[in-house]
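Below is one structure, written out as structure tokens; comments come after it.
As written, the chains take the letters A, B, C, D and E, and residue 1 is the first residue of each chain.
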Amino acid sequence: MAYFFKRYHVPGTPPGTLNITAPESRIPLKMHLVDYTEQEYLEKELATAEECHEYLERKSVTWIHIQGTIDRDTLTGFGKLFGLHTLSLEDITNLGQRPKIDSFEDQLFVIMSLPAISENVVTIEQISFFLGKGYVISFHEGESDPFTPVRNRLRNRAGKLREKPADFLLYLLLDIVIDQGFPLFESLGEDIEALEDELLDSPGKSTLEDIHNLRRHLLLLRRMLWPQREVINFLIRNDQGFIDEKTIIYFHDCYDHAVQILDMLEAYRESTTNMLDVYLSSVSNRLNETMKVLTVIATLFMPLTFIVGVYGMNFSVNEQSPWAMPELRWYYGYPFIWALIIAVAGGMWLYFKRKHWW
Amino acid sequence: MAYFFKRYHVPGTPPGTLNITAPESRIPLKMHLVDYTEQEYLEKELATAEECHEYLERKSVTWIHIQGTIDRDTLTGFGKLFGLHTLSLEDITNLGQRPKIDSFEDQLFVIMSLPAISENVVTIEQISFFLGKGYVISFHEGESDPFTPVRNRLRNRAGKLREKPADFLLYLLLDIVIDQGFPLFESLGEDIEALEDELLDSPGKSTLEDIHNLRRHLLLLRRMLWPQREVINFLIRNDQGFIDEKTIIYFHDCYDHAVQILDMLEAYRESTTNMLDVYLSSVSNRLNETMKVLTVIATLFMPLTFIVGVYGMNFSVNEQSPWAMPELRWYYGYPFIWALIIAVAGGMWLYFKRKHWW
Amino acid sequence: MAYFFKRYHVPGTPPGTLNITAPESRIPLKMHLVDYTEQEYLEKELATAEECHEYLERKSVTWIHIQGTIDRDTLTGFGKLFGLHTLSLEDITNLGQRPKIDSFEDQLFVIMSLPAISENVVTIEQISFFLGKGYVISFHEGESDPFTPVRNRLRNRAGKLREKPADFLLYLLLDIVIDQGFPLFESLGEDIEALEDELLDSPGKSTLEDIHNLRRHLLLLRRMLWPQREVINFLIRNDQGFIDEKTIIYFHDCYDHAVQILDMLEAYRESTTNMLDVYLSSVSNRLNETMKVLTVIATLFMPLTFIVGVYGMNFSVNEQSPWAMPELRWYYGYPFIWALIIAVAGGMWLYFKRKHWW
Amino acid sequence: MAYFFKRYHVPGTPPGTLNITAPESRIPLKMHLVDYTEQEYLEKELATAEECHEYLERKSVTWIHIQGTIDRDTLTGFGKLFGLHTLSLEDITNLGQRPKIDSFEDQLFVIMSLPAISENVVTIEQISFFLGKGYVISFHEGESDPFTPVRNRLRNRAGKLREKPADFLLYLLLDIVIDQGFPLFESLGEDIEALEDELLDSPGKSTLEDIHNLRRHLLLLRRMLWPQREVINFLIRNDQGFIDEKTIIYFHDCYDHAVQILDMLEAYRESTTNMLDVYLSSVSNRLNETMKVLTVIATLFMPLTFIVGVYGMNFSVNEQSPWAMPELRWYYGYPFIWALIIAVAGGMWLYFKRKHWW
Amino acid sequence: MAYFFKRYHVPGTPPGTLNITAPESRIPLKMHLVDYTEQEYLEKELATAEECHEYLERKSVTWIHIQGTIDRDTLTGFGKLFGLHTLSLEDITNLGQRPKIDSFEDQLFVIMSLPAISENVVTIEQISFFLGKGYVISFHEGESDPFTPVRNRLRNRAGKLREKPADFLLYLLLDIVIDQGFPLFESLGEDIEALEDELLDSPGKSTLEDIHNLRRHLLLLRRMLWPQREVINFLIRNDQGFIDEKTIIYFHDCYDHAVQILDMLEAYRESTTNMLDVYLSSVSNRLNETMKVLTVIATLFMPLTFIVGVYGMNFSVNEQSPWAMPELRWYYGYPFIWALIIAVAGGMWLYFKRKHWW
């Protein structure tokens, strides 16, 4: 997950220029149409944008989901058919957008971020939605379709879900996108708890690296998740009346989830800041321990080495002088020196004992 | 107290799905009905939701308290009887919710967090309330019933309390939940003061661990207590008119308590941040002390060891040369060396004295 | 000054329960009544609440000041006489309240914090006020009466002051409470400057302790002084019309003082944060100095000790071999070694000189 | 990029005084006029301000771009011709202004910052715009003209672009200025990622320097880029009606870009703060590693040196005493000492092994 | 520049009490009157407040500037003549006020802070203004008159400036006060850049002291400069209509300057925070360098000293045993030991080389 993960145009490019993914890195395109009323239900794979023309005039809810990399012609085809603004089409192709909502005369255009974690790597994919009278169009340039559960529920349950208008379908889709945060943060929460144990037990270089990586992920997630709250809030305020009064309570629920996720994000961020501070203190603590070992050893052996050094001097060659190291010639000289050594070492030991150095 | 302590559904689950606790970890269910007017007072243990049907039409205040883990049937039973929204029922079962308030046409739905501390472990339990015309329903999936004092007071005092409408009962219940913060923060305040004494006297590894744990608790408490202020504030604004004008002054009192608790929380948080900084400085200070001991010892004995090393050289084997360590053959050579040693040691001692190293 | 300094009820206590100080720690009670118009002035010590009954109906300003610990009967006596709300009476007895203002139909209830510093210990006492039509009641559970200057001025000057209504009297009292901040912060400012000098000259363990204590005091003062600004602001907004238009300019002045004090508080807080950072850097700096001394000594004497160690080897016992330490048998061997020692020491000295180590 | 990069007047200079660049550091002046309607298109190099007089009355969009250092006469010439406020003219010459927007009766005056990066040096140049009825004037005291792409597009495409009014031209110019942030932040993002790798692998003095420089650049960029968001926001609010309703959606797009750039700026800033913390921990970690090496060496060799020192003592000169170092005279004395040395070294090795020191 | 630099009254002093500077530290008083219309211009030194009476009734703009310490009689003289509020007069004498604006019925009262830097010491002086119908009064208790340029311009240019009303004169005076920030921050900006160079090249104790002083100055400047923005903003909002519509654009310019100065202040503050962090890292870095030198020396010489210590043992006295240090008696024993020493030293050297320690 890089710091800069936005696709953009060279400054000066005309507004509305599409930024189509280069052919070699394209994800195969699948266009799926679902059309339903309370009684009827229909699914269809689309080959071109024009095929969905006939479903638009019917009094049903039409949902077109475009999975994979769209090509220029198909995108402009949809643009013409539904009257989509060129700036919105440009935003769909410039991946890495900040989540946002634009309201046009007869459409809402929503960009969301779909976070995912797999094998400790966090990824964020862009999902775009158009909500119009009786239809929802969703674009997702990613490998796997996140909306399969919705399609299953629409297919199976005849009743309730299919009675509701297109804005309720938008709610169902946005709800899935936002709820992806729960498993993600559950996983990150476990990582933090594991790191905290490591931090106090045995902080090493890899602990520091892990904390730093975690912070980095949280920083980038934050950039993508905060604006989502604003998007849902805009839908709740519902100034343009795109959302039915009965659906708004559901968006409130969605908003609560977004806020809970952000609460966790902020708590995690603060917690990792603390961890860096604690890490530094831990390392300083261990440095102190290391230094104490060194100091004890040096303090113990330096005086002793000095003592034995004294009696290594060769003054005894001067055999005439009674002042030339008479100790060497004492009968109990050697045992006396050992007694001295033991006394000095014992004194040191008592000194460190009193200083609580072990 | 874990970082992630929310129960949630797999993304894509239909809205309103209940998340019933697995049978093995259920807490035994107790449903208690209290029904009172100024003159009458009645208590009853309920077996099913339907039993409370008869009390609903009477002009009394009905309070149903559900303690323990509710099962799916009973919960949907209450849902149908009182017309509760399925999203609210879902929130009751998804424990670990952020405190919030939802207002429906004829009901208020409130989620609160009940903090508690026992043996240095902080726990947070979820309590949910419905306030409707003439009734309050409270749900608490926990071991011990926090509302016993209210029930006692209702039972004993015929007068004042029983005259008041259902919103006053809600105030009494919320007040208990919020006031739990006072004993909690009194206990945490004592912990902080004990830690501060330890911090400056004898900072050790366990001090760091304690500070870190305290910060973690405060961080998680904050996540749960801040939204409670908003909940009470919403009740005071009273846009839907669920609260009687005369009760509002009591909710003001409740709000003041919530704010005082948050004030303490923020002061504690900041104080523990300071403690981490002071800890680091303290450890650095002690490292410096350790290093000074080492430096003094090394500076004292290294020159002395060098001196005695010099006279350990064997140049005296060359007995022909007058230049071959003539000191060894001086009459007062050995005492002279001791004088030199004492002079060097004394000089060092004066140097460190002047540098205020002890 | 403890982190938790609030008196509170056990959760579940009925609202309006008084929390009277235990008899053994009571401060003797003094109740002082002042009643004045432009022409007349009267002072009286009260024994019971009822004695002030007669002054209430007169068209004068009545000020009742209660100094010391009030007992239950007297407090409820005042409560009945002036129609005070039971929640307000509870707040008067629950010391350690956050400053706040409550407005009732015909009364304002204000709680303020009176900070004081004596011998480096900061204390905060609670002062409560009721402002009603023609009267002010003030409660202060403390040893010394802070309002003596006001009483003196009322007594002495017949004119101006006594013309003004009861809200001006409230201003005079609040102004004294807030202006206590100036001498307090003047004293703290001097402490900070003294600490800063110490910090850069000779940072020791006591410096750290002093900075930490200062921060702690500022933290707790902040908790009490920020809400006072809100209280005065509420009085200036004057939504209920308790304050005369002509008095408002005086409350503006009071507000300016409160803001100045908070400005200083925040500046002091930030300044002490800086001091902690500087302290850590200072300690690290001194550690580096200590280490340099050690390194210089070790680097100087270790090679020399090695050299003299070489010539302490006993290879000369092998008198047959010309390879067995021939240096020992050189005529100028010993002076040569000293030359070597001096050369090595000089080289080291030049090396450290070039590295600017002294 | 200096901290203080504003050109200003001595305090007390009359408002509206021009601050013309000294002749020696002037950039050659080029004045370019473009005048177009849907059908027609005209380009012209201007020599004086008066030459553009004739184009003002026509119903076309006139764009005058002034590249390089303007002289006093030409600037006041434009001032008179278009009725520009003297304070705005002063702002054009006082380079290093904060981006801002001023609205006059019939003109908008906009100041923007054009950031650029070349060879790791970030520069910020000031660009000023006037938007009036049917004309845009742009001033840029810089070497290279950033608006060449706009001119090319106007020249080539007859249709769409040329239909739009002058406010759309302003959008095109502002869009280029703001979009310069994308390549800039892409480049900075790569720098940050490179630094992060270095930080954990091999943090050195140059890493610290690089982090500090990056922070400094971000700090200064922030000062210039935050107000640009406000400028665009002001244009969107469109209180004076200078902007056509159809153009506003384009300014929304522009605003989104500005917000995305600020989001990245803040994320980068926070990320570099983290890096400083991680750096400090890394350095402490490495200090600990260094100390461990020292401690292991000292702990290993100091006891051994003591042991061999003992047997370097000359007590054996006293050949009469059986207590005078009898070990020296043992048959296996020397091998025994080696065994002792190896045992001590091995013991130490096991001790460090158990402490996980390598 | 002290932390506490406010002059204040003892709590309990009556509102409106003047706080006149003690005679010994008074600055000589100069009262200067300027009275002008478009055609006429008059200057006069005043001896008493009453002398300006005659100019008040004329339809001219009257500006009275009081430089130095005013005495009680003169100040109350002005107070009576112009109807100034006693609280404002008190504020004029209580130096060290926070910048603020008070609006009375027919007057505006403004307090500003005049920052100045001379020889690295920042000072802040208080300037007060009254704006009334046709007059401005300014008070400055300082040595040097900052408004000389305005007086010169009024004297010299007959036209434009003199046409404008009194509020434009207030703008000219406030503009000078605010623009003093530019040279001040230019000077501080240079200090910061010099410190940054020092910081990375050779951080010493004085660097730390300089950073700390700089932070302190910025902290205190902030306390005084932030409220000035609010003052100007209040004038722009112009709720009381004291400011002419045509003058407002000039106050906007003034506001822009105030904001630019605050932007710089905040950037400088953040930059010095960074510098403290970088300083700590730099010191740690250098500590590490010091430790490496020590470790290399110790690691190199300790094993060598051990080796030569071994051959300093006196086992050779036992001439009977073939195990008693046979190496000493080898023919090439001594060269062999040197080879060993060189091999060990070389091995260490390679080890450190591989670890990139030099």
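Operating definition for what follows: a residue touches a chain if its C-beta (ideal position, glycine included) is under 8 Å from a C-beta of that chain, and two chains touch if they have at least 3 such contacts.
Source: prediction; values computed, not measured.
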Could you work out how many touching-chain steps separate subunit A from subunit D at minimum? 1
Please report how far subunit A has to rotate so that its Cα atoms sit on those of subunit E, a copy of the same sequence, as a value between 0 and 180° in steps of 5. 145
Please compute the C-alpha centroid of subunit C, do the same for subunit D, then give the distance between them in whole Å. 40
I need the residues of subunit C touching at least two other chains; which ones are they? 277, 280, 284, 287, 291, 294, 298, 302, 305, 309, 312-314, 325
If you connect every pair of chains that touch, what shape comes out? Choose line, ring, star, complete or other. ring
Order around the closed ring of chains, commencing at subunit A, then subunit D: A, D, E, C, B
Going by the contact rule set out above, which residues of subunit B touch subunit C in the complex? 146, 148-150, 153, 161, 172, 175-176, 179-180, 182-183, 185-186, 188-190, 192-193, 196, 200, 249-250, 252-253, 256, 259-260, 263-264, 267-268, 270-271, 274, 277-278, 280-282, 284-285, 287-288, 291-292, 294-295, 298-299, 302-303, 305-306, 309-310, 312-315, 317-318, 320-321, 323-325, 356
For subunit D, which residues count as touching subunit E in their complex? 2-4, 6, 8-15, 85, 87, 97-98, 100, 102, 104, 202, 205, 208-209, 211-212, 215-216, 219-220, 222-223, 276-277, 279-280, 283-284, 286-287, 290-291, 293-294, 297-298, 300-302, 304-305, 308-309, 311-314, 316, 325, 328-335, 337
